[in-house]
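Chain lettering (A, B and C) follows the sequence in which the chains are written, and residue indices restart at 1 in each chain.
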């Protein structure tokens, strides 16, 4: 090729074409689907908790997009029904994730709705799952001599408990858990929902 | 850069530093062109083909949607065969001394509205139908049937087994429902007669069996927890209903719950969280918690959610699959899957994800607490698809009716 | 839906036809023009010291140009050095963060008390530092070296590129601090907060303007293939970067499609052009013979542009996006076989016929190895995008191995080779300890082999465990542990190699006390 201007224009035009197909067209299609009635916007505390989730980089080990039973047994593991585009209407930035070093979390609030369980698990995952490689987050908590009236104390088994005093959750931990508990997309999906149906298999006896 | 400086002077190849790269003119090798053409054809075909998958999945979602909203209701006769015939029999004659007949029953003769009320609330307590007294439990279908389905079913029963030609619409059924989840069961035929004012024969008196008040330390365990032992309700729900892979506890036989707690402690059943919880429970606490949950009567929040084939699931539950030596679920787990203490838990209204999860655990060998290794073998014979099918079907069933453990599945008396 | 499928298939067929027509049209015009083009500047009276047995090229003086006499390298040398030094610094720091992240996966309680060192932040630091700090700067350095040479004219406004480098590095440093403190935009490859991204984009202008000015002032009519890749890349990347980082306008799943349109196009329309363009220049340069064919290089370039740009959504297979856009990306991922084979023909055939060059030139070993890894990584990627394969390896460590096969084994190793080739010519000195270059090579090759094979095997095992409902999720974790530990070993070896690279760079840039300016060896 000899001419720079046509080269540049063509290269950019090809990128524009790709953008039309990969971003603009799906974006328009997605925007036509309103949030399902079962999906509520996040509360303020849940949004703060979501910010904590994002800033700690949870997305690098946990996905938030259960797959179809025709493809994988995500539902059998309690991860919920296949996710649809409208499930993420209130999510910015999205946290769909690309790794499952840990389980999918889109419906963790449905299968594990216990605040105290999550606080214990965040403080030290290996107190519950000895095989876990999830990092511990002690900096979301603090040790106090005794829990105050407003404090939420976290009980640990002896091997992980402090020498003396109690572990108390900081506000970030409580907000993060509020967000995790809000992760429940088990309401039914409308028939025309958008998702990758490319694995569809006929229902057979 | 040469590794060995000495070699450089002897090297045969000393490309010119001033050589600047260029591209000679040669044709594209024809295999590459052929390959490109073939891939292009494949690509176009694949793109054209993808639309069929979407249509199929949308149809499945439509069915699931309708199951929830009841927009397409099957005819009453089909509903009857699927939901009622196993107990009341296809001819509506009931089971002697156990299950009341519908045919010729004064309750049915009153028309679809009374039938709908009974379907919505269920009956706990003795009831006289014509010459016999029955003292079992009619489950509530409020949470498993939609308004239009109840309307269809009630109309069918009234027409088929009574003399009525009335039909009941979905909106009329909706108006019969009380505040969600708070419809308590009819306390035997006596309450039906009293509230409806119909002449229904001489109904036996309802003797309330006090369930015993909940001790405060047990209530505290259930709702507040204790140290590392998280509150039962914090995972299993305030109503013991569960969700996804956290099971519904309400209505499970008390002895079964006690056995499971022991199995978690001993490692015969693997769940890290439950293991932590049972660590600090005494035997008497386990027993009292189990009795609390066994007596809980709450609507079902379970529904088919795994895309399983419901017809296949029903077949497995009612008849099994003897080509693979799989007995029917109900032959051990009781009629309608209400459970038989202490070995066989209630399956009805259990969450599909939990049921499949446990079936998979047996098949995979990391749940080992079934007598005679029954469930291990049964579950291994079922494949993934069958496990999902039966789990989805069981989730669609009405929940276990309440009653103390001794009173479940008892036989009626002659007057 | 039927209409959608038909439209897609049609647009795809149109793209193919357009590609074919493009190649035919340009090839035909080119042939005519080239035969007439006699205007090539070269210094009068200089003769090559060629004793290559290939007569075909012996008398073709058009392709010889006395770089040294033209002074082009002298002008390019300073910006290249600045970028190279900065890039090397980020490489070492980024590699250390990578090793820390890797260790944390099997020592989860190590350094867990400090929020900036939590896995989610350390891993992010690693990615952003090696992409924006190391690879991008090294790539721009390579462009600054190569473009003036192929255009036979010095770089215009070299001071601008140095200013750009300073701003760029400030932005990268600030971005790293932000991520460590938890201030992140929250999407993979886009974590640097958009407020700091503006600084990066601003710095980018300082790189683009000199390169375009140089292009406009070029003394040759024909743009050599490396030029297409570089010139397209410096237009593609800013567009991708700005659109993806714009705040406010993206949300929900649409934001996810933008995310993966960006992230994969950064690989294919920025890093790949950097690597392929660099290899396209240095491989024939070092060997002294041209690549295979002009038409094949056209097919490779336009095929990359057309197909690669649409593969991004293969990161969301099985996910909450419309089926048609996933299928589109899967199809285009497989179509990538075509441009990748084209590049392989051009580059590997040349090396294959001249294996002596691998023995004689250490930089070529790096570059050719990297070029072969490009072919491998792309083939692997095309297969990985098939739905059936993707079901197993999606969400597993296998993908991490694949990503490093491309970004590291291909682009980074080509960049190492380029650096080793450019440094002696920039400085007029030779490397004091060639054995260290060899050590660097073997450390990273062995280290990467351990890294790649352990993650690939571990990832497949992990995926199979997740697909089997009768196995608890914990098994997918425990089965990968030994492979994660092996990966830490591999990564440590690679990092040691990088430290040696840094030593080599420092050793040649720092003038020695005893004047030991060795006359440069040709074509090293």
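Here is the rule we go by: a residue touches a chain if its C-beta (ideal position, glycine included) is under 8 Å from a C-beta of that chain, and two chains touch if they have at least 3 such contacts.
Nothing here was measured: the structure is a model prediction, and the numbers come from that model.
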Chain occupying the middle, per Cα centroid: A
Centroid-based (C-alpha) most distant chain relative to subunit B: C
Where subunit A and subunit B are represented by their mean Cα positions, the distance between them in whole Å: 26
Separation of subunit B from subunit C, taking each centre as the mean of its C-alpha atoms, in whole Å: 53
Inter-chain centre distance, subunit A versus subunit C - centres from mean C-alpha coordinates, in Å: 31
Multi-chain contact residues (two or more partners), subunit A: 68, 73, 76-77, 129, 195, 197-199
Junction residues of subunit B - those touching two or more other chains: 50, 53-54, 356-357, 360, 384, 387
Per-residue overlap in subunit C, given as positions that touch at least 2 other chains: 30, 222, 323, 327-328, 468-469
Footprint of subunit A on subunit C - complex, ascending: 11, 26, 30, 33, 104-106, 108-109, 112-115, 118-121, 123-124, 182-188, 215-216, 221-223, 228, 231-232, 235-236, 239-240, 243, 250-259, 261, 265, 269, 298, 305-306, 309-310, 312-313, 315-323, 325-329, 387, 391, 394-397, 399-400, 466-469, 473-474, 476-478, 481, 484
Residues on subunit C engaged by subunit B in the complex (per definition of touch): 1-2, 4-6, 8-9, 12-13, 16, 23, 30-31, 34, 46, 48-52, 62-68, 149-150, 152, 222, 224-226, 280-281, 284-297, 299, 323-324, 327-328, 330-332, 334-335, 337-338, 341-342, 345, 354, 356-357, 360-363, 420, 424, 430-431, 434-435, 437-438, 468-472, 520-524
Residue numbers on subunit A that touch subunit B, as the complex places them: 68-70, 73, 75-81, 107, 110-117, 120, 127-130, 155-157, 186, 188-193, 195, 197-200, 202-205
Interfacial residue positions of subunit B with respect to subunit A in the complex: 50, 52-54, 56-62, 64-65, 68, 225, 227-228, 230-231, 234-235, 237, 243-246, 272-273, 276, 305-309, 311-312, 352-354, 356-357, 360, 384-385, 387-388
Residue ranges of subunit B in contact with subunit C within the complex: 1-3, 8, 11-29, 32, 35-36, 39-40, 42-51, 53-55, 270, 356-357, 360-361, 363-366, 384, 387
